[in-house]
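Structure first, then comments.
Order of writing sets the labels: A, B, C, D and E. Residues in every chain begin at 1.
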Amino acid sequence: MSLTAYLTLAALVFAIGLFGVLTRRNAIGILLGIELMLNAVNINLVAFARFHGDLLGLVFTLFTIAITVAEVALGLAIVIVIFRVRRTVEADRLDLLRG
Amino acid sequence: MTLEAAGFWVVAAVLLASSLAVVLTPNLFHAVLYLAAALVATGVVFLLLDSPFLFAVQLLLYAVGVMTIVVFAIMLTERLVGERITQTSRDLLNGAVVATGVFVGIAGFLIRASPSPPRPPLVADTTPALGRALVGPFAVTFELLALLLVVALLGALYFARTDE
Amino acid sequence: MPGPDAVRAFILEIGLGALLLLVFVATLGIRGAERRVIGWIATWGVLVLAFTSFLVRPAPPALGGMFVQDGLAIFAKRLFLAATFIGLLASLGNAQPAFVRRAGEYHLLILSSLLGMFVLASARDLILLFVAFELMSIPLYVLSGFLKRQEEAVEAALKFFLVGSVSSAVLVYGLSFVYGAARSTDLATVARVSPATEPLLALGLLAAFAGFGFKIAAFPFHMWVPDTYEAASTPFVAWLSVAPKAAGFVALFRVYLEGVGDRAAAWIPLAAGLATLTIVAGNLMALPQQNTKRLLAYSGIAHIGYMLVGFAAASASGVAMVLFYLVTYVFGNMGAFLVVEAVARSEGSEATTAFRGLAQRSPLLALAMLIFLLSLGGIPFVAGFWAKLYVFWAAASVGLYWLVLVGAVLTVVALFYYLVVAKRMYIEAPERPGRVHLSATLALAVLICVGGVVVLCHQDGGEREQRQSRAVDARGDSRSGEPSDPRPRLQPHVARRRAPRERRRQGQLLLPLQEQGRARLRDPRSDHRVLPR
Amino acid sequence: MTLPVLSLITWSPFVGALLIMFTARHRPLAVRLIAAVTTGVSSLGALWIYVVYDREAAGFQFYEKFPLVPPLGISYELGVDGISLLLVLLTSVIIVAGVFASWTITVRSQEFYALLLALVTGVFGVFVTLDLFVFFLFYELAVLPMYLLIGVWGSSGEIRPRGIFAWAYRETGVGTKEYAAMKLTLYLLFGSAFILVGIFALYVNAGASSFSFVDLEGVSFAPAVQRWVFLAFYVGFGVLAGIWPLHTWSPDGHASAPTAVSMLHAGVLMKLGAYGVVRMGMGLLPGGAAELAWLMGTVACVNIVYGALSAMAQTDLKYVVAYSSVSHMGIVMLGAATLTETGLNGSVFQMFAHGVMTGLFFALVGLVYEKAHSREIGKMGGFGAVMPGIATAFTVGSLSSLGLPATAGFIAELLTFLGAWRSDHRWWLFPAVAGTFLTAVYVLRVAKQIFWGPPSPHFHHLEDARGPEWVALVLLVAVLVLFGMVPGLAITPVDTATLPLLARIVGF
Amino acid sequence: MDANVWLPVLVLGLPFASFVLLAVVAPLRRAGGAAGAVSIAAIAPAFLVAVLVWGEGLGSEATWSWIPADEGPTATVGLLVDPLSNAMLVLVTLVSLLVQIYSLAYLHDERPASLGRYYTFQSLFAFSMLGLVLSPSFIQMFVFWELVGLCSYLLIGYWYTRPTAARAAVKAFWITKLGDLGFVIGIVMLWSATGTFEFRALFAKAQEHALAIEGLGTIMFLVYLGAVGKSAQFPLHVWLPDAMEGPTPVSALIHAATMVTAGVFMVTRAQPLFVLVPAVLALIGWVGAFTALLAATMACVESDIKRVLAYSTVSQLGYMMAAAGAGAPYASFLHLLTHGLFKALLFLAAGAVIHAVGTNDIFRMGGLFRAMPQTGVVFIVGTLALAGLPPLAGFFSKEAILAGVWEADMTGPFLMLALTALLTAFYMFRVVFVAFFGRAPAAGHPHEPSWTMRGPLWVLAALTVLVGIRLAIGSVGEHHGPGWLPPLSVAAALGGIVLAWAAYQRGALDPGRLAATFPFSVVDVLARRRYGLDALYAGLYRSFILGFSRLIGWIDRYLVDGLLNFLSAWTLRGGDLLRRIQSGHAQDYVYGVAFGVLLLLIWSQWWPR
């Protein structure tokens, strides 16, 4: 398969992830969307690395994965603390600050 | 159709389907499971791209690790709520339009891009080189990553602990 | 292993790392209310580092070119240190329990974010850049929700985190394309990308721009800003409003001016458009605000727009002007936030009405606030004026007169809301008598900001430029006999290190930056392709 | 080393402001005395240079220069020619009168005088500086204190929102002093944005690496630059000069401002706008001036007639005077637009004459307001019987305003008329002349309403001007009449400056 | 400086010194009587010097630079001393002197401060009027022209607490100013074309036929407009009757003898220029004659004694203008002088009457001759002079005018003027019969005035007679009219007198019934309404100027400023609307990012390829 195919696949996943982020109400659901977006990045990077015969992409991917994990962990912690304070994890209900 | 192509189509179908399921399914648990599927499918894509090491990382560290904490979080918040986690969605149409727009925008660039280069032959196993790179030129970056993880954990811990 | 040269390049980072360790150890060793000491340790440490930073000289690239310690980086680091010092100093007097008991976490997070900024300022490799970017960002999410019992604070943290994560995703998605197009993560290589793959590069840079746009809070990526500023603790917000933005701008310069070579001019319309949008939106949205912090948040967005004006000049002088703008912005904006902190502490309100009659209650504090507001408003005799002047100058030099006009006219709109605060302080009668009390450290921080705002206008109109123009003359390219060179004789910090080989024709502005890039290509050390194909 | 008399003039009030800020806390009399002395020093200096000024020689005299920022070509460069000489004199007259006219201010007088003096420094600075950049700084200094001066010490008018934009009126708070202060400040800064762009454009296009007026004067700019930069200057300075339709800040601002500030603002600051157009616009961009004179003159004609008619429609005394300024500034701009010697002399003369007369007006209006506590014309009447001195001074002011011979206003208008008919657009004469008639209509109508007629029982207790206030009134009236009878006092020096200016424009 | 110059300067300087003294030294002014003494002490020697100047027939011209300019002064000031100005000097100083003396008694009830103000203005007026007649240039004439207008304004409004006086003063100023607009435009154009304001230079050019300026007709017409306003020519005559709100001595001085004749004086002075434009000259003649007739008809229906005199002044000014227009400046000027004398006399006498009876209404007087015979006699002398009966002064000057007009082949004006002569005699004797010989009881307690008032009356009466005799015997009064003219003129005057006698003394004619019959009814109705001109002006003022100003005021506030407020309000509101995108929902913020990306992607269409 060509590089473009992989890139297109990644773009689709990216868009789907974005869609999830935009439409999910549950904060955890939103996080899942973000995961998908980052996943698309990894596909991109690996595909480029393979097609360029280059290793940097793979290195990049490793870092991305690690950072993603960190972000998810932190995000979930925030969700939990939100839940503790506000008794909800619905992002739309969190609108004390506005305007 | 080569084997690789066939594999790609299959994996792509699975990946896209599970991704869509992640964002569309009403049940959050199911969504997590679909995400696991999507991550595994991604791992398979890595495999198709001759990166077995990354496949492993993806599977072990990412899919499993992420899954675990997400499930924990769901358990934590759901149990306290005491209701089923069926989540409704916000306006799907707006999201779909914007997401499609972004995709079309990206695709426009992809189309304009020069024809993709031929896939070069695989020179050698990349894993050792990867390892060397991490302790070589990217050592400092790696250190920073470590710090980052520590800090993230510190933050997560700070939020999650209930003492005081 | 890195040699002495490399150590020289890393000296500030190493020092900061040591400070981190020190704070960490202190956190483990000290308990309860004694933790206040941690704040002092961190503050003193940052102060020492700040002094050290003035001793640091540009060093050759380290890590095979990934890490540079050039004029831009050093300047940025000084700026971060100054901002951090003021921010830490101001939060020393913060007696809220969360800050006393959790001082260890608080300072660790701030310092690690600072380290992220340091590396970001020096990173010339996409991977390092991204990691540094994240290292800078992740502590900020935590810090903005540091008052984790407060509904607003955690809400703000979640919003900040969500928008930030998505932006990070977009950023790294873009970076992946940049890498894909350039086949390298080295910015110098990026600058040489063959036109055949350019659409991908363009896509990558655009997407990455969104990520940076989030960090600097350009419209429409700014939306997390007001909520976060309103909810988070004020000294932190003061710092948040300047340091990460400065880092974002430095990264922008690295990627978009150094990293695109001859095509920098292509960014002019985009940056100009974004600048216009940001200025207009920021200023308009600030108009109806009643909460001073929110007001300053929106005004900060507008300021980002003004900096983008300098960025839009896409010229060496533009970079210099934006850097100067950042300096004045650090002092002016932090100062304003700190006065808000003082007043809010005393009055229990962050609304603009809390400022009523401040001029009669605490004339000096009111005067300080007035000076900050005037500086933010770009009024002569204070630093902000020179800053605006210089970015406009840079834009005018490349013929962006319309942008200058838009910017200048919207300054007037901005003055409206600044003057509303001034009105509260000076025209309206106080609601209750008595001075506004503020802690000594906070007062000192405010004083430093006042000093910065006032002194900068005296010095930087003159001395700095003078020095630079002397540098120009020394190079002997003042082109005697050709007096009609209309460009202001201003050279950016980034260019001071290496003299350009040739002066460019009008219209091609990025010479010094490109020269740097090219020089690196000739430098064998810059080749870090150690990896097998 | 000669005495840097221009610096002395400029900075003396500033020193006064500092002294007041730091030494005279809670001592109102000391505040006033410091103000009187420091402005007095400026005035003596102004008088001195006026007397000593070499009327045979053209060009800038009392020249001072030292570099501020050499690489950018910014320097502290002072000098006066005939035009600025006269305007410096005007400023000194007005500020001395202003200090005396506001002698009775009691609320926060320390800050009031300090701000007032700072503002005056800005005004002097604008008139004497020859460096465009420093000019801009002084310009801002002259504008900014206005916000607080009006906001704190001003008075609010009574305007009930009506008409199609009533909601906008409620939204913006029309009529209040805060509104007026804000409007004035923002409007003037809006104008200064154009000025700044213009200055940059000149600097960049000249390539001379200098902001010096003298240096830039030697550059001939490309026609497009001339046109656009002149337009920028015209709009930017024109805001301050009250050109239609950018004038609406001035009635509100002047009406809301305290007496001394109105005097200074209408009397001097509006001139500053006109001065900017003449000095910067016409002086540096002769081609642009020649090309756009039609615009200037036509707008000026609108100003004259429109301002007069608007003044007639007002019911608030201060608004009447303020609109009369709009009308009279039209004469100033018209005179400049004629591009003739007489016209330009008339323009400068009108700057002076209008400055004094409007200063007088605002001083009087301030006194009347202070005593009667009303600005509504309809509520006043018969004041002539109880305050004959004020009535007389008001009459003199009115007469000068309507261009009666033997007052300075006549000379200015006559010269402008002469210039107008000799310009390329003869028809300008007619609106200008019509303006004088309309002025006669509203000004006498107001004078009649306020000072004539049967004395109202409400106002029997009112008193005439007293003590220091007389100083202001007599000074202004005397200057008005003196320059009206001996116009050569002003025109001889002015002519030395206008001729070279015109030579460049015509020669372009 | 030789006597030719400094004597006239002295004449000019004395009142000026008096004015400055009174204006600056407030205590002196507030002393009232002392101020009057100062003023009189200044004008009396001025009068003597003026007589000396006139008697010696001095002539000179001196100018000094006034408004400097690069190539010679733009405007000069100076003196032009010639027979014309000399005669005016005498007239002005004389009437001024007499009026000032007269006023001492007339205004002795005034508060001292007011009286001081009065004499200050009087001095200023004397100075201004003298300056006007001595003007060597249009510009100086205009300067003093305006100054006398100012004095007129101030003195009409002398009793400024009276609303009517205030209104009349302002009206007078406005209407004359209206004419002055023409004047100033005219001289501006003239200067523009010739580069000078000076009469001598202009006349020289005119004589050399070097004044072939394009539009000279327009210029002279505009200059003439000034005279229309000042000399109360149709249609700008409406201010003069109202000006009677001022003290009567003021009316005598300013609104009869001197200031209102400034227009005539100017046209006379500038005759060499006017003759170059015959059309304008003809217009002047026609307008003058028409004014004369129109004013006469209005005088016939007026019952206010001062207003009758005012209309008669307008009418006589019309005479003068007609003569000037007919190219008989000499006649015009002669009439100016004689009219100055006898009209001042009439006004002062009327003042004495008013002073005595406390009313202006002739129908509330009656039989005054018995109570104040001296006043009656001088009034009748004046009336006869005005009616134009020989050998009084008026006869000869009127003769000269009629002759001049006839010889200029201006039949229309001539007929109008002749009719006016009849009417003049009629309305003047109407006053005489009603007020002095009427049977109605007089209001108040009529009595002869004090000597300070009577003195000036007798002096003027004597002069009226003496000048008439002088004209009768001397060659000065020679005229070249047709032989039938004097009888016709006398007949007209007598006819008017008889008519008045019949209607008001004898009762043979019922004036009311006469007025009701056609065509008199039309005239009567119109004249009583002042031919609607006042109403027209009031209407124009109210609807046009005030209405327009209200419109502009509205536009300014609600459109020009309104637009600004609208914009700023919308800016505020725009901010308010815009901040709604800040909905508070985290995902909407993500939408922001997504939109931003989309925006960038769309923008990239302009990406240079």
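Simple rule for what comes next: a residue touches a chain if its C-beta (ideal position, glycine included) is under 8 Å from a C-beta of that chain, and two chains touch if they have at least 3 such contacts.
This is a predicted model, so every value here is computed, not measured.
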**Q.** Intersection of contact partners for subunit A and subunit C
**A.** B, E
Q) What is the shortest path, in steps, from subunit B to subunit D when you may only step between chains that touch? A) 2
Q: Please find which chain has its CA centre nearest to the centre of all protein CA atoms in view.
A: D
Q: Give the chain pair, either B-E or B-C, that is connected by more C-beta contacts.
A: B-C
(Q) Suppose each chain is reduced to the average of its Cα coordinates; what separation in Å results between subunit C and subunit E? (A) 78
(Q) Measuring centre to centre with CA averages, how many angstrom lie between subunit C and subunit D? (A) 43
Q. Using the average of all C-alpha atoms in each chain as its centre, how far is it in Å between subunit D and subunit E?
A. 36
Q. If you average the Cα atoms of subunit A and of subunit D to get two centres, how far apart are those centres in Å?
A. 64
Q. Subunit D: which residues touch two or more other chains?
A. none
(Q) Please output the residue numbers of subunit B that touch at least 2 other chains, ranges allowed. (A) 90, 94, 98-99, 102, 106, 109-110, 113, 120, 123, 129, 133, 138, 141, 145, 148, 152, 155, 158-159
Q) What residues in subunit C touch two or more of the other chains? A) 127, 131, 134, 138, 141-142, 145, 148, 158-159, 162, 166, 170, 202-203, 226-227, 288-289, 413, 531-533
(Q) Under the stated touch criterion, can you name all the chain pairs that qualify? (A) A-B, A-C, A-E, B-C, B-E, C-D, C-E, D-E
Q) Mind pulling up the subunit C residues that touch subunit E in the complex? A) 158-159, 162-163, 166-167, 170, 198, 202-203, 206-207, 209-210, 213-214, 219-224, 226-227, 263, 266, 269-270, 273, 281, 283-289, 298, 413
**Q.** Residue numbers on subunit C that touch subunit B, as the complex places them
**A.** 63-64, 66-67, 101-102, 105, 108-109, 112, 115-116, 119, 125, 127-128, 131-132, 134-135, 138-139, 141-142, 145, 148, 196-197, 199-200, 202-203, 528, 530-533
Q. Quick one: in the complex, what on subunit E touches subunit C?
A. 571-572, 574-576, 578-579, 581-582, 584, 586-590, 592-593, 595-597, 599-601, 603-604, 606-609
Q: Spell out the residues on subunit D that touch subunit C in their complex, using ranges where they run on.
A: 68-72, 74, 136-137, 140-141, 144, 147-148, 151-152, 178, 181-182, 185-186, 189-190, 193-194, 196-197, 200-201, 204-209
Q) Across the complex, what residues on subunit A touch subunit B? A) 1-9, 11-20, 22-26, 28-29, 31-33, 35-36, 39, 42-43, 46-47, 49-53, 55-56, 58-59, 61-63, 65-74, 76-81, 83-84, 87, 89, 92
